[in-house]
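Chain nomenclature is as follows: A, B, C, D, E and F, assigned in order of appearance, with residue numbering initiated at 1 for each chain independently.
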Amino acid sequence: MTTQLPPGMHIETVDEKIMTLNVGPQHPGSGHMRLIIKVDGDYIVSCDPDPGYVHRGEEKMAEYRNYIQNIPHLERPVIHDSSNILYPYCLGVEELLGIEVPERAKYIRVIAAELNRCIYILYWLAIYGIFLGHSTMFMWPAGDRELFIDLLEAMSGARVTHAYLVPGGVRNDLPSNFEERCLRQVEYFEKRLREYEAIFYQNPILKARTEGSGILSRTDAIRLGTTGSVLRASGVDFDVRKKEPYDVYENLDFQTIVMKEGDSYARSRIPYLEMFESCRIIKDALKKMPKSGSVRTKLKPNPKGGNDEVYRRIESGRGAIGYYIVSNNRPEPYRVKISVGSFRNLICMPYLLKGEKLGNMPAVYWGLNYWPVEADR
Amino acid sequence: MSTIAPQFRLSRFIGSLFDLIFWVILIFSLVGLPIVFIVLFYIKLPVINGQLMTPYLAMTWMADPSRTLPIVKSFMHTTIFRVMAFPGFGFAALLAAATIFVERKFLAKMQLRVGPLYCGKIEGILQLMGDGFKLMSKEIIIPAKADKPIFWLGPLLFVGTAGAFVALIPVAPGWVVANPSVGLLAVFAVIGFFPIIAVLTAWAANSKWTFIGGLRALHQMVAFEIPLILSLLGVVILSGSLNLSQIVQSQEHFWWIAFLPIGAIVFFITILAELERIPFDLPEAESEIVAGWLTEFSGMMYGLIQLGTYKIICICRIIRGSIPWWLEWSNGLASVSAGYYHSRNYNWSCNCTLPWIATF
Amino acid sequence: MHRFLYSPTGLLATLVGEAASSFSPILLLFTFAIVATGPTLILSRMIAPRRTSNPVKFLPMESGQVPQGEGRTHFMMQYYSFVLMFVVFDVASIFLYAWGSSILDLPKSATLPIIGFLAIIFAAFAFALYQAGRKNIW
Amino acid sequence: MSNVIGIIRALNSGVKHLAVKRFTLRYPEQKLKFVGDGFQFNPETGVGIAGLRGRHILFHEHCTGCQLCSVACEGIAEAISMVKVHETWKHNKKAIMPQIDYGKCVFCGLCVDACPFYALYMTNDYELSSFTKSALIYTPAQLAIQPKISQDVEIKIDDRGASHG
Amino acid sequence: MSSGTDKDVEVKDTAEEHSTSSENTKPDSMSKDEAKKFYEEKGLDLSPDVPVKPKPIPAFEKSLADKVSSKFGDKITVDYVRADRIRVTAKRENIVDVAKFIRDELKYDHAESVSGVDYPDSSEIEVIYHLGSYTDEKLGRQIFALATRVPREDVPNPGSDSTRTPSLRDVFYSVEFHERECFEMFGVYFEGHPDMRRLLLPEDWADIPPFRKDFKIKGR
Amino acid sequence: MLKELVNQETAPHATNVLVGKLGDILVKAVGKPFDMAINWGRIYSLWPVHLETACCSVEFGAASSPRYDVERFGIIEAFGSLRQCDLIVVMGTITRKMAPRLRMVYDQMPDPKYVIAMGACAITGGLYFDSYNVLPGIDGVLPVDVYVPGCPPRPETLIQGCMLLQEKIKRTKAK
């Protein structure tokens, strides 16, 4: 009697004792996605992530736009980390077209990327705070984030969607007295960051909620192919900025933060500690940056790539972002594939949530540093 | 025969009745009252207190404080005044409103922002009135498969039980609505109602979130009730009475907190749990189960439940005052924890120092 | 006073009368709260817009999805033991008040059984707390 | 015990912030000051001049009707369409000028980059909300109007925290 | 929309004219430096469309590629070996063996992405696994691109036509969601995958898989 | 009128007319201040529903952050059930998968409810005008009250949009 259903379709069987909860899309604890969670009492029996609510077909549309027109598009998946998601694209296109980037532009790019990383992490931290019921931890990072937004606004002119990095450099030069202002704000920001320690990270109630929940062992972290803070929280020392330095990261002074516990607490703490490193990088880059010079190599109006392909990656706030670009002797790329950290970490969700208590769900879910818009592309 | 029956609907009939009552009251107050006063001028009145109460005098009573005070005083000692106004319902409701507003501003300051500002010109002082008006003019949605009578009754029962709670609290010497000799036990009896109401409404709403939330509320309130009871035992032993007024009077010289610090801490923690305040906000943990057992409530129903909740908060603060274990100290701590943790709209643990509550 | 003590009905009447006089205000405030706030619900029903044409509005809230299954189901809650403990110990601990309020008038030997009683309660509490620490059995 | 100390430290941290200045910018009364007059572009060096990317301003006397801005927007948002204008300008032989639909515009600034005649800039004006979609379409005449801007508040950092004065 | 395309064509024409005219003025016999000077005087762009300089083949990557090719011989083809990047194409019959060899012998332990590329001209869809390594220090910079080609049908019927390849989920666990995405976007069915369901697209999607080249988006 | 009232035959009808007219006058006299009071309450108590549809939610978060603090206007992100909300801010792109859910969320909210279309994607589709999975604006799904352009709009623009919405509420009838 049972007919063969086409793949992609299945029939739900309802168990009396197991309750199916749709966490999302309209749910205070979900982002732009849905988790189909089955609970037996207070325990999660299974979790089936259902992303795709923001799937906009960026990769398909990139095939119809030339290399410059793709810039505003490809930063949309993570608008609050837009410099970082454009970074590998610019690197890849530069490799395809054989463009050299001026030295000063490289430093400016690194500064923009690090500022943007801080902006991303602060936003994520704010969300993490409010989902653990800590509204002060929403307000403080969301407010301090504005300091860096001001800096990037002065650099590029837009609050979040900067479209600042382009193949060949950056779009405009730094404004006057930027360095002094940047140094002042970064120093103030480091002072502010230490305030979070007492109210959030050393808070016993937060620790009780996050410590020991959703433990991901080192072997599992490698096997599941996780990336970014999830990977480093499980004790794997891997950071693309260190392992495969791009632009001028090899000249700069910073270190990778690694923790061994692999639980939600470690996953929430690593991005926080990385912000201190970002501040170090910014200060170091401001010191080492050439004070004047060109910031952009001019491109042809409609540059064409060869019959070639390239895979470039960088480290963003959510993990490695890789661009796989195939070109085809045309002004448009033949295929663009964005391999993003959020999508790679998505596989952890059913793995970690199974057997957890329902109360640990927000801590585990947002500890994965998951930004649904990026994962859906 | 069947021509009338299908068209007649009880709900519509009752609705029209209420409509009628509304208009009658309105027209009476606009038209009838002036007429009454006009008529009063032309009718002879009896002698009161050796004075002929002319209509003129009756009018001056309203303006002359020396004549008004005796009447107000005698009214103040009636039970109905106590129930309605001072230690009773009106006072608690006003206090609850003040609590919400002060908390909102206080929390905003702690989070480096302003809080309500534009509603009511002066620092958003009318914000709660605005919220109240809005909630009153919102549609009330009853879910399709809900158990309607219980669903309607839920908020009313909640407010009513909170009111019953108010009745037991001595606010000042001699100012208490109900003064039973076993007042403390009555407090526990009233507290025991809240989980039942939560579970009933949760079950009635026929939604998954309310269901889980109601069960969590039940379990949490029930689990913390025995520690709550035991933590107050020490006070009863020391003061030798179960009457709340007598307990208060027994601490005229020094507070029992000096002898019972552990009990005090246990009481503080358990009362937080009983009130579903942060960090014990599992029944309303909005990032897991949308709004717990409040999920399906809309409009004024939600407003009533918020009113009830804040009333209980105020009462519990007064309990802390009337069993003055920590007084300023506790209120200070509570005020800090307000900014420190927060869930739902403005559901902060306890609230800021209002020392005049505790000064008696 | 003695007169009432000798006649059981008189005692009952006294007790009932006292209870009525001291507890009735509670009931009065309970009803007053309902009477005072109930009209807001009716008023709200009168002045608020009501659009009942859309049946989707009355579905249970399910995060923007069409709900699957019933809201009222058999549901295993792992905290059931708390309720059992409550039923047993809540009543028992209320009795402590009877003892506690008159402890100074009682002979000292009366303390012994109550200490035994307390020991039982606290042993059970300790066991419950110990179980609470073992998260895996919740 | 460490838990108690942790809670007390957290409370202390919260209390300290009662003395920190409020960070709020009271928007309708105060407005943020931005770097520069708006985003501009120098086609000769190929590098832009930093500034806020608000709505555009069109200098009629420079616009030649070359459609480069429209073409630049072609694959991005298709916000710019060329419309006939009644005026006949000296440079503009085709008598067409850009008309921008802010319901589509994404404020990327690539049209400004594309304009080789210094005719299109972006200004500091960002208050564009409206009740209808059609009010979001700005004709060339509307685009030529210099926006009134009163942006004077800046972020200040001192010992008592950051504030807006 | 129509006017837009017209404009597009117009500009492309002008651009081509521009480039052809500059080529025409360029004398045929010119050394590289002379050409550079010529371009600089004209104020024209210097960047070539296609990088021309040949890069040396790095030794470490070459050794890795040799290991694979010596093991499998002509079952696989090594497409290129560049700095930090190796690309190998295997037939779909032995892609599982190749992947196992790469995992066990070369110590690549996870897949970074699974991408498909549609080639309608040769009627094939290419599936590329970008593999990386966390455990081996030396492989930190390396990305190993393992590709395979599957036949493509003009009228796709995802799941029940010949566009299928063995799944690598048992070899690299991390490809699970990537393969699901590849399935819905290209219609490549991965045999042996435990949960081959739709992931990102809406439940009622009834069109052909959207990332195929014959799926046209609006107005293009 | 008076004659009709006195006349035995036309009296019932005329009384009805009179009473009806009196009622109209009363409703007008009472209704206007009543409307004003209720609208005043609605203006300063807009609780937006928590529905993040796309990336504009970042700027919505920024608007409720300490810097822009929309709680000044009484707008609190009612972090809970949609049954207690009255404003739905469509934060960006609506995909085909999200559209039915969006409509359902809107349907389940209690009346009166308001819609703000935030960002270019919500207004016209914006960048994704030719995407296969994105709706060209939400006008076909929801009745929009205020359009807030930008990609994403600055928080100031959003606040300006909210003020426009307040103006709109002020001029509508209460029921």
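By our rule, a contact is a pair of C-beta atoms (placed from the backbone, for glycine too) under 8 Å apart; a residue touches a chain by one contact, two chains touch by 3 or more.
Treat the numbers as computed from the prediction; the structure is a model and nothing was measured.
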Each chain counted as touching subunit C and subunit D at once: A, B, F
Chain hops separating subunit E from subunit B, counting only touching neighbours: 2
Labels of chains that are neighbours to subunit A and to subunit B: C, D, F
Farthest chain relative to subunit D (centres taken as mean CA coordinates): C
Top chain pair, ranked by how many C-beta pairs fall in contact: B-C
Farthest chain (mean CA position) relative to subunit F: E
Euclidean distance of C-alpha centroids - subunit A vs subunit C, Å: 49
Approximate Å spacing (C-alpha centroids) for the pair subunit A, subunit E: 23
Length of the line joining the C-alpha centres of subunit A and subunit F, rounded to whole Å: 35
Subunit E, residues touching no fewer than two other chains: 201-202, 210, 215, 217, 220
Junction residues of subunit B, two or more chains touched: 110-114, 117, 135-141, 208-209, 212, 286, 290-291, 295-296, 299, 339-340
Shared-contact residues (touching 2 or more other chains) in subunit C: 47-51, 57, 59, 61-65, 69, 73, 75, 77, 79
Of subunit A, residues touching subunit F in the complex: 25-28, 31-32, 52-57, 60-61, 64, 72-73, 76-80, 123, 126-127, 130, 138-140, 142-143, 145-146, 149, 159-161, 373
Parts of subunit B lying in touch with subunit A, wherever the complex brings them together: 107, 110-113, 208, 212, 278-279, 281-282, 285-291, 339-343
Subunit F-touching residues of subunit C, taken from the complex the two chains share: 47-51, 54, 56-57, 59, 61, 64-66
For the subunit F and subunit A complex, residues of the former touching the latter: 49-55, 57-59, 61-62, 64-67, 79-80, 82, 93, 95, 97-98, 101, 105, 127-128, 130-134, 151-152, 154
List of subunit D residues in touch with subunit F within their complex: 22-28, 31-32, 76-78, 101-108, 126-133, 136
